[in-house]
Amino acid sequence: MIAHPAPLAAEPLATATAPAPAAAERVLWKGNEAIAEAAIQAGCDAYFGYPITPQAELLEWMARRMPELGRVFVQAESELGAINMALGAAATGARVLVSSSSPGISLMAEAMSYMAGSEIPMVLVDVMRGGPGLGSIGPSQSDYLQIVKGHGHGDYRLPVLAPASISEAMAIVADAFELAERYRTPVAILADGIMGQAMEPIVPAFREPARPASTWQADGATGRAPRVVKSLNLRPEDLEAHNDHLQAKFRIIAQREVRYATEDLADAEVAIVAYGTAARVARTAIARARAGGLRAGLIRPITLWPFPTAVIREAAPRLRGILVVELSAGQMVEDVHLAVEGRCPVAFHGRTGGMVPTPRDVLRELRVLWATTTPVPMAPSDEPRADVTWEADLWQ
Amino acid sequence: MILTVSPALPAPASADPHPLDIAVDHCKACELCISVCPHRVLALDPSVVNALGYHPIRLTDPAGCTSCVLCARICPDSVFTVYAPPRGAKP
Amino acid sequence: MAVTAIDAPRVLYRHPVSLTDRSSHYCPGCGHGIVHRLLAELIDELQLAPRTIAVAPVGCAVFAYDYLAVDWIEAPHGRAPAVATGVRRTNPDKFVLSYQGDGDLAAIGTAEIIHAAARGERMTTVFVNNGIYGMTGGQMAPTTLIGQKTTSTPLGRDPSLAGFPIPISEMLALMPGVSYVARGSVADPAAIGKLKAMLKRACEIQLAGGTFALVEVLSNCPVGWGMTAPESMAHLAEVAETYPVGVILDREKGIGSRTAAQKVVPA
Amino acid sequence: MTERSAIFAGFGGQGILFAGTVLARAAMAEGRQLLWIPSYGPEMRGGTASCTVIVADEPIGSPVVDLADAVIALNPPSLAKFEAILAPGGLLIVNTSLIEAEPQRTDIEVAPVPCTALARAAGDDLLVSVVALGALLARRRIVDVASARLALTQIVESKRPEILAADLAALEAGFAATSPVGAP
Amino acid sequence: MIAHPAPLAAEPLATATAPAPAAAERVLWKGNEAIAEAAIQAGCDAYFGYPITPQAELLEWMARRMPELGRVFVQAESELGAINMALGAAATGARVLVSSSSPGISLMAEAMSYMAGSEIPMVLVDVMRGGPGLGSIGPSQSDYLQIVKGHGHGDYRLPVLAPASISEAMAIVADAFELAERYRTPVAILADGIMGQAMEPIVPAFREPARPASTWQADGATGRAPRVVKSLNLRPEDLEAHNDHLQAKFRIIAQREVRYATEDLADAEVAIVAYGTAARVARTAIARARAGGLRAGLIRPITLWPFPTAVIREAAPRLRGILVVELSAGQMVEDVHLAVEGRCPVAFHGRTGGMVPTPRDVLRELRVLWATTTPVPMAPSDEPRADVTWEADLWQ
Amino acid sequence: MAVTAIDAPRVLYRHPVSLTDRSSHYCPGCGHGIVHRLLAELIDELQLAPRTIAVAPVGCAVFAYDYLAVDWIEAPHGRAPAVATGVRRTNPDKFVLSYQGDGDLAAIGTAEIIHAAARGERMTTVFVNNGIYGMTGGQMAPTTLIGQKTTSTPLGRDPSLAGFPIPISEMLALMPGVSYVARGSVADPAAIGKLKAMLKRACEIQLAGGTFALVEVLSNCPVGWGMTAPESMAHLAEVAETYPVGVILDREKGIGSRTAAQKVVPA
Amino acid sequence: MTERSAIFAGFGGQGILFAGTVLARAAMAEGRQLLWIPSYGPEMRGGTASCTVIVADEPIGSPVVDLADAVIALNPPSLAKFEAILAPGGLLIVNTSLIEAEPQRTDIEVAPVPCTALARAAGDDLLVSVVALGALLARRRIVDVASARLALTQIVESKRPEILAADLAALEAGFAATSPVGAP
Amino acid sequence: MILTVSPALPAPASADPHPLDIAVDHCKACELCISVCPHRVLALDPSVVNALGYHPIRLTDPAGCTSCVLCARICPDSVFTVYAPPRGAKP
């Protein structure tokens, strides 16, 4: 069952302006390439990037396609350059995409804080690799705390979307632009090395969000008063007022834009909370568990902020326990604890440094959790019974 | 005794045109104009404290001003408006 | 020349239209005010107000957007050239103006200015070199003169510890993507006149479709230098010994143009 | 004596932080607890600068003062900004040389002092906040005026001995300018 | 009552090597200056920084003092330069301090992740200002999530110390170096604009931690095998092993190095959790509350990571409620929720953008919290009765 | 010359002691291997092994620490000059070696290398310019030639979009704090011999207490260039047309030394 | 048919990813679900490269395989690294041209194929993994060999038509090299 | 048929000194040495696949090698040890 706010879902597909492969035949693209093409079809005006494994193919795809379409591609001198070019372009109203991987993302913290403060919409893709430091180039989810909690300085929140399949990633790109522009905020997409490097057959169906009539961007004061796009408010009173405005906006986003998917939750005794690649592993483990008679279910956050706190909090009392699976030493698990608040036991299984949990490991952890917890009287469930396919995760 | 605090901007352009209009409340008393005035007809006015808290510039001798515009060229605060001397005025 | 009624005096100088009426937050005698005024005069003369997108630095001039009546984007410290690149690429028909201090451009923003120049971005950069970090209380800048006392070189800048003043404009002039690099000064009305001509050239090159143009302005920081404003202006003569005033590169006019190749002694 | 707080406010060039520092050093000399909090950064150029000094006998908690015992307003904006923060019965020193406006509150003690004029008389407009400090200590014995004299001497002697006399004169002028009313 | 691990407290004061003002007379220093001198007296070999308000005085103090002492001071070309110079110097075994404020801190994220991964000890001071973006230069605590949770990429934790007075800040500097070297990790000190700019009379008493015999630093392979200080482990198996090692270290720190102070907690009906400047405001508010008959208490985290979870969790059931006060829109409050886990109501009061909560505001919030919560039967308390003075917060 | 027993053959070349025995991860024919070998030879000849602290870049040469048997510190991408500065200042008696690629030094690390040079840090930098980002799969570097095809310039580098090759070494040579800047090549054994001499000079200057010294090495990336190794070496001749080989600055010997002042046309 | 997974592993230069891509395209042509996961980055130069291909009729969950249906080991290191991951009864294709060591496990199906020799016979050592793909499809009909032929043709024709014949020959050689044993 | 996989490093220096020792398992078959050998006495050996998976270099004609060391100068993998020709050997 997929939860997402009506508005986005209700919107019809806009016909892509850039020529797209005939929707009929499936294509075999790397995740990086699919995300890039999805951005192009979503009307991305400009891409700024800097090479880094495992997202290089995204930049390379843009290097080829954007000039073809007469749009802007710049390989910046650094991630600092890229994110600040994005700031400039987006501040004039352009639809802008930036992508990188963990170490490069760290260099973007200051500008992300500026964009949040200046309310500049922009989409940033982080194809996470193993850290800390130079780490490895293997897949990872260890930038969760960074992107979801504390990337840049100051009080701001960043809407964060986490696809679990290449098709979903493509749909999420359009949604990310829409969120960014609707709320005038940077938005992040969290993927990982596997999402970026793997190939899946995909139906090249795209969506170009309508452009909101924006009245803030600095695109030349022709026939109007000059505008300033800035984050400085030297008088604390002014800055606090601005922060109050930002916080009010974040509260609205938190109310309206929570997205998640659940599977097999209705009759589940134990549930896994996992996103992205970890959720796919969990899915196989759950299938094996159910084959063995252990009724497991899945709660898959699609927005990491706002986090699907309510669904987890609501499910917790009906569960023997929750298993959090991440490609990290334990980051999202904090948000799960904040949601569960002691309503059921929470276990964690994670692999780090480019290693990925195997279905076998996850199944073992599920069994341990089941064995070490006590049954809960089944409450009548409001969850639909039907299983959900990954295709159904797409929001159109 | 109370020092005069000058009226708020804009300083009304005086009806009868004279070499300079001075936006008194923009002046920060940096004295750059004084240093470049070839005829030394500018000085700070200690009897006034302007809105910024400075003793602003004053044209001490309107007749001595040749409208050479040097003060306006260097003034960082664009305090001056400079008018040509009236027709037939001796240089 | 037409006869002018005696009661309609000719105005020889007046506050530029593009310069707002707010009194600035700059210290008394600060050169930023002079540079702002010159830019406002040029924006008026070249009628750039409606098509300008300007990028503000982090430095005392961060407030430029309160004084020049055009669209402004605030860049993080040192990143104005990158921000301006994003503006440039997505707004081919606009006039892109970038304003930076010496700490902003020659220290933290070194990579961004050099690569904007290397890419030959079509933009005009005003580089206000006052040899100090004014905004933060007068610390050493990369441009601080040898021996100069600042709050972070209390005994004067010692090259063996704090390095040498950096000839960033000369370095920029080495790059094929650059059309124009000049260094002016606000020392006195005459210098200010020359400076305005340089700024005008740097704007016209962009308007004519030329590549990267930059004007370095030798400016003052009376507060940071611990001098009166007139003293600080006089001091600019000494600054000019390290940073000579003049046109460093005007590719079109064949001034100073040079390819890297000409400077190598074959092994 | 419990906590006493004073806020000096005026133009950047009026020596606000200096006066606060003199008060702070005087308090330290008396072995008291104190906290000196400046307004800082670029807004100090032009605009209104302020300095809060808290003096107490016990360790000091909050660095922010929401009930000031004394406010020294040296220019029009600072009167507007800080009058409200005074505790009932608090002391408001108004620099009548620059401020024509009348204080609004009736539950406070107002001491009109032509600080700038007295400062100029003492030798320099810039001594205005030293004058104000003198006036403050006349009405509120936050520290002994002798300690202030001592602190002022120590600070100025080292840096600019030539102006010490004027500084001391300004302090006395302020002290003399307002008859000691109200609780010490 | 002050909680800190025995080992540090037990250590005797080393006599400072650098000439210090006679401990007898008190001195009047800004917080920034006091922190700088404390670092010098703690044996800091090198300082690297870049000017930024409100920490400029720290850099300026170092600019004057370090050369006097024949030690290293470099004003870097940027915060990136400064933090990477620190990485290099510290990797050779030098005792290194770096300081900045919020926007500059954001630029240090990548290198901090490298140092955590490479296990390079170093102390970073963040004198927080209002954000996001360029924000204001007013005091703030809005970098909490950044420094405590997600500054850099990858799985790592950063010990974070938060002083509430200038004297405490001076003591904390020595402890920070000690922690950094004991555990081979970067350590952060979180201060704010008021802490940096205010002056308090201080007794110039200092401590120079002993230098652990370290066998890892790259200081030239004289008479030994070459060493490499690095964070790269291209084989995910190797990087995971390294991460396991790091996580084990973090668990030990979390067990051993929690520091906090409590006041008036024994008989408290409601408690405030606050750190740094916010805790000082809280202290005045609590005094006024008690004067008015409302029994309030204070829990003041001194280490923000590891967070004093246990003391809060233990106190929660005995309280009507907890009020979290921050100079932010609500950041540490997440960790308080993680500690409380629903055991009592948690309220929040924060100011942003350079504004500071007033004792009056905090008192009001305390009263509201009291009025909207229900009494709890007093359990016999293990807390000592005696109030604690701020001097007692010093760890020697 | 002493008589040598027939069964004790003279060794004309052998694997340097400072070069470890591990087979490298570099692609077949990669110039990094050649540069590593030359450095190992110099470390042996100058007996630097025990006193060297080397800084590794992020790039294919990040693994240099597996091959050169000295102490190494891994720097974040582009920051080697800053890391080396920290090492230099706290270890005055050690030999500081910094190794960087062209993406590392001339792109993301531009500010760090320029300011290490401006400060005149006493360090020796080896700058391996292969005109491409090898490590990440052959994208354009700031040094990529005009028209050169890379994975991020699929149609060849178009200066109007992607900018011009950056003459970073020439820019560095403008700075007073710099003692030595030279550009060598690994194209053939003769060039490699000259290169070794340049590297030796750059090391000896540091050992003699001199300031910043840098040797740029025109190297190859057969994989990134899509050529065989021999083809890639032949291609270096073309590269040398944009990046002429030779000594750019040897201040002591008075080669190429020039003050910024000499390059300005007074207005 | 449920999920089937195959792992190709060998030297960087042995065309590992290429063979995996051919299999993936063949599966896509058959309208199947599939997931193609490469080993990527610098370790591919030298050392061992690998490529995992999962083919299924239902949507695919885990991209990591802990029970592989087939492993194609083209050099000694990959035999050592991947033998353990095979599911009981799984197929292990061993490139006997380069691998002297014997597989340890007894619960798997081993197909020794001199891939390199056959590749060289077909025209180029580098065709080694195409040979292996042929052998794989002979023992496990993950996709129809015809689909593989088609996919191979489509891919090679566009880029390097001149070597298409050799590629196809290599595929056939591999297919013929091992008699179809075991379940399809 | 099984291609020979060469033994692991270090390649034993042959007892009887000859112009070159070749660390076969370090060779990556880049052919740079071949391209610079003035006497064309180097070639790859297709009958061998070394530990890295390459057909390594072979000295096809020891007698033809003059120990000029060019191969060693350019070899990125330091595969060669070069010995002087035995005394009295004709150039």
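In order of appearance the chains are A, B, C, D, E, F, G and H, and numbering begins at 1 in each one.
In this text, a residue touches a chain if its C-beta (ideal position, glycine included) is under 8 Å from a C-beta of that chain, and two chains touch if they have at least 3 such contacts.
Note that the structure is a prediction, hence the values are computed from the model and not measured.
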item: Fewest hops from chain C to chain H - one hop per pair of touching chains; value: 2
item: Least step count from chain E to chain H, where 1 means the two chains touch; value: 2
item: Approximate Å spacing (C-alpha centroids) for the pair chain D, chain F; value: 63
item: Separation of chain B from chain D, taking each centre as the mean of its C-alpha atoms, in whole Å; value: 34
item: Rounded Å distance between chain A and chain E, as computed from the means of their C-alpha atoms; value: 32
item: Per-residue overlap in chain A, given as positions that touch at least 2 other chains; value: 53, 74, 77-78, 80, 103, 110, 114, 118, 133-134, 137, 230-232, 234-235
item: Numbers and ranges of chain F residues touching at least 2 other chains; value: 23, 26-27, 62, 74, 76, 107-108, 110-111, 114-115, 118-119, 135, 142, 162
item: Set of chain H residues in contact with two or more other chains; value: 28, 52, 54
item: Parts of chain A lying in touch with chain C, wherever the complex brings them together; value: 45-46, 48, 72, 74, 76-78, 80-82, 84-92, 94, 96, 110-111, 114, 118, 218-223, 226-232
item: Footprint of chain D on chain B - complex, ascending; value: 1-3, 5, 28, 49, 52-54
item: Footprint of chain A on chain F - complex, ascending; value: 58, 62, 74, 76-78, 103, 107-108, 110, 133, 135-137, 139-140, 142, 151-155, 161-162
item: Partner chain F, residues of chain C touching it in the complex; value: 107-111, 114-115, 118-120, 142, 159-160, 162-164, 166-167, 170-171, 173-177, 182-184, 194, 198, 241-248, 255-256, 260-261, 263-267
item: Chain D - residues contacting chain E, complex; value: 21, 24-25, 28, 33-38, 40-42, 59-64, 66-67
